[in-house]
């Protein structure tokens, strides 16, 4: 089973990367963009023996404890 | 309208970040993982005047020409 | 020989490169702003190190769209000498002037240290004054210097002698332990097929005075100068 | 103005204001404040901005000297280095933010100190940092360290300043309270200095840099309160740094300063717009009126309270000559940075804040700055601990094994794992790489170089804060002298616990007194610094940890010396006492060495455990001055070829370090003969101060001895440089023999081992 975890900065936190990319995109002619935010994205493959439920528990734990810094980031995930 | 673009390394390219995360996850007891790959993820907000079709054309262009390096990366996207 | 040193807003080695060619080698040199398309009769262009446009997306990704890089591409097409150092190398890759791409260092951390590199090709203007197999001591400083290329393209790169520098041990041996970032085939620098565009991760301008710990970089600049005189 | 709210005790507590402070606000305003005004008072009167607990004591530091162009009170201190050049330098703490979010906390700390330097018109040419973490066997401490180092690297490398040195120390008391002190130094022409003064009534006040968001609101008050579990909920206060923007800001600021249109400029650091407006007005005795509607904002619906208290990074406030705004705005636009006139300088001394023309706050500038509360808090000395037990007889141990153990301690091992992540070469001025006693950067187009060093020692300051502080100053100076420099001036960061506890205040008075004495003796005035109090979590405080940043001048550059052996056959000489100081220390050393048996339980940090039990060694300031003078004379006359300070780990560790390889050159050893046989342990491992190991060519030994004798400094020829092996004999027996290469391997791989690269 495969999980996709998306980690992004909390909305209240400044995203200098997104801001700079937005600015650059405008400069090279993509003018209709109002905001860009950049995050990270992980694809995690699990052992096929695990049940969906087990994978879900595992992913939540990993995302919360390892992949994100709860001070500035939040996550969402999808299991496929 | 909002687009989400996911950029990941091509399967043929070794992913040093994913490998390291995989390794550390194993070390701290998440043994049932077979692979981890790390990618980038962008949320792009567009001017509300654009039609879905226009946004789609714009996103594809941005993703292909700017957000990815075709030598090593590939992308997918979703419009919401 | 007149050198042009590009300045992107986030460049931070432009003064170092300028100092090396202007003060140490006594050559005329000029800065060229990223918005400019006029290369002012320069005979060689240096794309310096730094963080061009912040490089938050990918190193060199945005620089490729800058007006000055359009001019540099035309300059290179006409056979002009282009030297990309560190971020400059990354920009040349993104611009397509050189093949391949950079990944994050194998150790995932920024690496700043002196390394040894072996000169693999002395038939290009950048290394004409060196001998094949020479070992240079020269610093690196980067987070993304892990050069990668698919197997087929790498074979053709090797066949054409486009690998100019490789990371090596102090005695010149190419070993895994001497590779600071995981680069394929220990690649530290490559040139284009024609030999007039060179990209390298090590910083020759940081090895251009005895006080800085090495003068090996001077031979590269001198080779460039000699090639056009 | 918005309706005045009734101040409940709860509101005051949220703002860290006491009832007495509130009463003072009432009498200053002659009315009750609104919430925005209360917020403004609260940040300006916080410990972080007002120095209310420390200011009275800091006045005792020596701050003057012919070399000092600017002492404390400005964004950074400035010293004259001759030929029309000056340098600005300062140190700042970012302890609390780095605990909450290590990467961003450390990164924004670097960003802040860099702005302090370039706001004065100087281009930053070197950065250093002083770091303290809990022991690395705890994963949380490793995580903090990894984040902090990466954050410093991420910011400094992108900005383009070489990070050339610093220190890393591990101790239990820093587990919950890591210390991150960042230092920066900038170079400029002496006649191009800019100050944070809002002079000239009617001049426009211009906001430049990043847009204001809700970052770090109440960061300053957070840095002034003890940590508890509820701090978790303060977390959204974390600021995120943008080093690329800072680089643009640097270039744009320096370029606009060249126009002559800039009257005054100040960075927005802690307490952002509030602090910069009232301080700039306060210094010039003027008022400032700004309209918040004009402030570039990142988020919608920000209240005046939020805008005034935001700690968004990468912003500056600038006062321009009237009518020349456009010139400045044009330059910032070239660098794609916002620059907006948001108000003007007035003549009434008031800080007046408007929001779309409606007045939202009005406070006299000086009430917020010079007239902030000052406290002479109660002081109480702790009860003295019992004296050291009587010393055991002669010790016999495997000294070679002990040296190996010491070199494998995170507190003594190589810092390469750290500084390899810092670009320490950018700008091609670094002529002494990290790893030496002092970092050295040359000044292009001159014969000058600047040497700098950061030093602190919490463990000694805990035993004796006054002598501990003196030791830190002395060591910092000694480091510069070893590099061939003349020490010029210092900056300092006082990292302490909760000042409301009398014993902490006692530590502060002692530390300041010791620092003052040492700086006077060594002729190095203090030109600025920073105080970080409340470094406590759940009542657990840190050792008092003053960190000294010393700057010196090497001129001509040919006087530059490194701290490594140069060549086989050179003589190795000790300047300063072989053993020395009061009896108590020496017997404590011997006693604790005796207790070190059996040496190594696997993986134990023998050195740190040992040293944490040692008392603070005594320091004879007069002797210290003479030792440093002898070393300088020896270098200036060309006799001394390399010099290394004996500090942590004592003589044995210093000898080993001098033989380690660097930049491809191989290892060297030494053959040492100790003149005294009864005290091998103390001679080799005790941390007596005022000692420098030097090397000279065989034929120059007598000349060096002569210099030392004239200075009244003990001088001991110890042996000579040889290949490969460090051996120490005492009387007729070999007491230590080790291959330098193997010692080096242990030493080099220690830190990296804790962060093993899995690939």
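Order of writing sets the labels: A, B, C and D. Residues in every chain begin at 1.
We take it that contacts are C-beta pairs under 8 Å (C-beta built on N, C-alpha and C of every residue); 3 or more make two chains touch, one makes a residue touch a chain.
Please read all numbers here as calculations on a predicted model, not as lab measurements.
> Report the chain whose mean Cα position is at the greatest distance from that of chain D.
With centres defined by C-alpha atoms, farthest from chain D sits B.
> For the pairs A-D and A-C, output the one whose chains share more C-beta pairs in contact.
The comparison resolves to A-D.
> Could you tell me the distance, in whole angstrom, between the mean C-alpha positions of chain B and chain D?
A distance of 41 Å separates the two centres.
> For chain A versus chain C, what separation do you get between their C-alpha means, in angstrom?
Inter-chain centre distance comes to 34 Å.
> Please compute the C-alpha centroid of chain A, do the same for chain B, then give the distance between them in whole Å.
9
> Do you know which chain A residues sit against two or more other chains?
As it turns out, chain A has residues touching two or more other chains at 16, 20-21, 24, 28, 38.
> Counting only residues that touch at least 2 other chains, which ones in chain D make the list?
In chain D, the residues touching two or more other chains are 244-245, 336, 759.
> By residue number and range, which residues of chain C touch two or more other chains?
Where chain C meets two or more other chains at a single residue, that happens at 53-54, 56-57, 62, 65, 106, 182.
> Looking at the complex, which residues from chain A come into contact with chain D?
So the residues of chain A in touch with chain D come to 9-10, 12-16, 19-20, 23, 69-72.
> Across the complex, what residues on chain C touch chain B?
57-58, 61-62, 65, 93-94, 99-101, 103-106, 108, 146, 148-150, 182
> Mind pulling up the chain C residues that touch chain D in the complex?
Spelled out, the residues of chain C in touch with chain D are 9-10, 12-13, 15-16, 19-20, 23, 49-51, 53-56, 106-107, 109-114, 116, 137, 139, 141, 143, 170, 182, 203, 205-206, 208-209, 211-213.
> What does chain B use to touch chain A in their complex?
6-8, 18, 21, 24-25, 28, 30, 32-47, 49-50, 54, 58, 61-62, 66
> Using the touch rule from the top, collect the residues of chain A that touch chain C in their complex.
Touch residues, chain A against chain C: 16-17, 20-21, 24, 27-28, 38.
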